[in-house]
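You will see two complexes here that share subunit A, one where it goes with subunit B and one where it goes with subunit C.
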Partner chain A sequence: MSIADSTQFLCFLALSAAVLLGALGVVLLPNIVYSAFLLGGVFLAVAGLYLLLNASFVAAAQMMIYVGAVNVLILFAIMLVNKKETLAAIPGLALRRILSGAVCAGLLGLLLRVDFTTPWALPGPASVGEGATIRIGEHLFSDYLLPFELASVLLLMAMIGAIVLARRDVFSSDVITGEGVDQGLIEKTRTPLLLEKNLQTQPVLEKTP
Partner chain B sequence: MSLSPLLALTLPTTVPLQGFLAVAAVLFCTGVWGLINSRNAVRVLMSIELMLNGVNINLMAFSSYLDGQLIRGQVFTIFVITVAAAEAAVGLAILLSLYRNRDTVDMERFNLLRW
Partner chain C sequence: MVIASAFPPALPLAPALPGLGGGSSLAVVSPGLDLESSFSSLLEGLGLTPAVAHLVWLPLPMLLVLVAAVVGVLVTVWLERKISAAVQQRIGPEYAGALGVLQPLADGLKLLFKEDIIPARADGLLFTLGPILVVVPVILSWLVVPFGQNLLISNVGVGIFLWIALSSIQPIGLLMSGYASNNKYSLLGGLRAAAQSISYEIPLALAVLAVVMMSNSLSTVDIVNQQTGAGILSWNIWRQPVGFLIFWICALAECERLPFDLPEAEEELVAGYQTEYAGMKFALFYLGSYINLVLSALLVSVLYLGGWGFPVPVEWLAGALGQSVDAPVVQVITGSLGIVMTVLKAYLLVFFAILLRWSVPRVRIDQLLNLGWKFLLPIALVNLLVTAALKLAFPGVFGG
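And now, the complex of A and B:
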């Protein structure tokens, strides 16, 4: 056993611990901002695991897309919807947590049993190592060309869909009849539409003496 | 190297495939638990990302250990990352729209379609 092998194993242990503790923190921490930053840490540790698996290109893609894009997007969403609200208590919440925890533990046990009892066909063919990026490029432009092009269409659709969903839609004229929309309705869209407390009366403005 | 026999006693020679699969399984189950039990809608999206990362670790481990020449698992991982980015964008846009309409991010109050 060489020093390189033991270093690899120690790196695997450290990265696994970072991934698992970070994931627990993401799920369990009460402050959502801490969860979001821990999620970035989990993504980085997963990129490290990919480096251990001889996949430098996918590790770089993971860092750029997950840490650089998805995590920043989540942080922006937290900033946009960050409202201190006291959650109403639900009857049977503890029972629900215990039951779902039991189901997840059972699923974990099943997966681990499959993991440790299946006779994997090891060792497989030798790894291409540093040639992985070239091999991925060959795949993307030969036998995976159609999914590659479909992925570009999917990204375009997701971009347009996100813009349409997230913008505050106010038309200056009715789409069907072409008549103009009065400004009162435009102002009304600034307030939430489906609030339960929608029925209560508007506060009466106090008269200035 | 006086340290080498000690390390050989305590550590396996290489990282086994089962280790990566076990990490992926724990990550996936953590994500499932968070998905069921989170009351903040943003945390639900984060749990989905955790589950996707668990699946990606599985694909990468199999690609490296069992398919070393044609690394098809890595190509699949790249596609999964692409779809996850699209899913995050659309999911957060839906979340913003919901927050605008209901003025809350509590999952228990998104019950317009509850039977």
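And now, the complex of A and C:
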């Protein structure tokens, strides 16, 4: 085994361990902030795996979209609503955990079965390498055009939803619940204090001789 | 630096002194100075296998770039102190070395010896990890900065995109340190930093995209090569004046330089996310911000100011002097000239950034976000559209 191969193998082992342990941490840690930061770590490790597969464009895109946008957004949401409050005890928590654990284990079993029964073509086709960027662009604008455009429609819907949620002052009643909007939240137009003050009581500066 | 070693077609030719490879490097000059092959052949002459020789070579350019980045920071800190002093009609640092050149070194040593304090109620792990996450992506981005045709760590195909992707990791480090400090000012500073960084990344990426569209490549080397030919006239700044301004404004905002230093606005937030930090952890933030400034200036010079290109094409000069461009001596001179030109352009931009710091007041947070989303983003989109149209209309000038 040459040095390059062994380096690659070690990198693969380290990245896989990071993905597995990080993902377990995301699910199992009680502190939601740790979970969110670990999720960023998992995304980065997945980007590293893409890099090992010679897919540098996909790796960079993964880093930018998942780490730079999705994870930062999650962290933002957590930190903006980071209220210290004791949550009410959920009845039958142990049973719920066992059930969800069983569902997840079943899903894992299913995936493993697919993994072991599929006749993988090994070693797969040669990697495109640096030409991948061009290839991805060609596919995005030919046979994958519709999914690509649908994804952008999804983003547009999310954006309109965010605007509706953020600009409640336009409506007199809440669009979802039908209740009157909390008037305290509405940004009131007010005259700038400093300008008014200056107009009324402008201190006349005596010029010192 | 996992990435550098993971890319198979790594052309690790650092901005090394031409003397590093010894006289034998001049023998292999076909595409430019090939320091790696001469270094490897030297080691193989000592009885090492090619693989081991490659392994010994790999860390050298990375170390060199790391040293170059840190020295660049020292120079920038000194320049900042001296130029700030000149703007305010002071003298500035004077006693540490001639003209105070050793002052940044003294600052660094002071920070090195300071006690490393972790506040009692802070989250120790995240508090330590935050500054590291801020610095590492910035240093990693030096991977794609070219100082010459072959003088960069790795000519990665995704080049400039890698830099944009890496710079999007930084806000996580800022949020982490802001949260872990357990201090309201820190948290607000961290949130502001992340918001600012996300908002300005989009117009920045769009400005880069216009340049990429003209050069048909994401690789920094190709982007510079597309700007050669007619010297200063072929630089991208003439074809992308709006893009240049957008990029520079966004780069300043990404570096949290004045007028966009809201995350650490001292009148409002003490020192933002840095409030609780002391000693070497604070130094990492400090180092990170200055490395980022130098890096941004270098990338502006690569994207818009012709990179390593001399204002007059070197081929013309060599022709006028009756020399062949491929002659070894001319190659060494061209290579050194390239490094000097890249650094010179970058430091000119750093000078402008420092001058801006003392010329313009800080914007408010709402003005900052309005500028980013309502002004720069539409302008950047229009710029992209116009570039695409011009590329279709005049493929000769705007890259066919």
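Going forward, the second predicted complex is superposed on the first by the 155 of 209 C-alpha atoms of A that agree within 3 Å, B and C clash if a C-alpha of one lies under 4 Å from a C-alpha of the other, contacts with A are read in each partner's own complex, and residues count from 1 in each chain.
Operating definition for what follows: a contact is a pair of C-beta atoms (placed from the backbone, for glycine too) under 8 Å apart; a residue touches a chain by one contact, two chains touch by 3 or more.
All values derive from a computational prediction rather than experimental measurement.
Novice: On subunit A, do subunit B and subunit C fit together or clash when superposed?
Specialist: fit
Novice: In the overlaid three-chain picture, which partner chain does A:Gly68 touch, first (subunit B) or second (subunit C), both, or neither?
Specialist: In the superposition, A:Gly68 touches subunit C alone.
Novice: Tell me the contact category for A:Leu112 with respect to subunit B and subunit C: first, second, both or neither.
Specialist: After superposition on chain A, A:Leu112 lies in contact with subunit B alone.
Novice: In the superposed model, does subunit B or subunit C contact more residues of subunit A?
Specialist: Comparing touch counts on subunit A for subunit B and subunit C gives B.
Novice: Who does A:Leu52 touch here: subunit B (first), subunit C (second), both, or neither?
Specialist: Both partners.
Novice: Pick one for A:Gly40: touches subunit B only (first), subunit C only (second), both, or neither.
Specialist: A:Gly40 contacts subunit C only, not subunit B.
Novice: Determine, under the contact definition given at the top, whether A:Ile3 touches first (subunit B), second (subunit C), both, or neither.
Specialist: In the superposition, A:Ile3 contacts both subunit B and subunit C.
Novice: Once the structures are superposed on A, label A:Val27 by its partner contacts, choosing first (subunit B), second (subunit C), both or neither.
Specialist: The answer is first: A:Val27 touches subunit B but not subunit C.
Novice: Which holds for A:Ile160: it touches subunit B only (first), subunit C only (second), both, or neither?
Specialist: Touch partners of A:Ile160: none, neither subunit B nor subunit C.
Novice: So, does A:Leu80 touch the first partner subunit B, the second partner subunit C, both, or neither?
Specialist: Both partners.
Novice: In the superposition described above, what is the shortest C-alpha distance between subunit B and subunit C in Å? Please give a whole number.
Specialist: The answer for the closest subunit B-subunit C C-alpha pair is 8 Å.
Novice: Touching subunit B and also subunit C: which subunit A residues?
Specialist: The overlap between the subunit B and subunit C interfaces on subunit A comprises residues 2-3, 8, 52, 54, 57, 61, 69, 76, 80, 132.
Novice: For the complex, give me every residue of subunit C touching subunit A.
Specialist: So the residues of subunit C in touch with subunit A come to 2-3, 5-9, 51-52, 54-55, 126, 156-158, 161-162, 164-166, 168-169, 171-172, 175-176, 179, 187, 190-191, 194-195, 198, 201, 218.
Novice: Which positions of subunit B touch subunit A when the two form their complex?
Specialist: 1, 4, 7-8, 11-15, 17-23, 25-34, 36-43, 45-47, 49-50, 53, 56-57, 60-61, 63-72, 74-75, 77-79, 81-90, 92-97, 99-106, 108, 112
Novice: Using the touch definition up top, name the residues of subunit A that touch subunit B in the complex.
Specialist: Interface residues on the subunit A side: 1-3, 5-6, 8-10, 12, 16, 19-20, 23-24, 26-27, 32, 35-36, 39, 42-43, 46, 49-50, 52-55, 57-58, 61-62, 65-66, 69-70, 73-74, 76-78, 80-81, 83, 85, 87-88, 90, 96-97, 100-101, 104-105, 107-108, 111-112, 115-116, 120-128, 132, 135-136, 139-140, 144, 147, 151, 154-155, 157-159, 161-163, 165-166, 168, 192-195.
Novice: Per the contact definition, I'd like the list of subunit A residues that touch subunit C in the complex.
Specialist: Going by the criterion above, the answer is residues 2-4, 7-8, 11, 33, 37, 40, 44, 48, 51-52, 54, 56-57, 60-61, 63-64, 67-69, 71-72, 75-76, 79-80, 129-130, 132-133.
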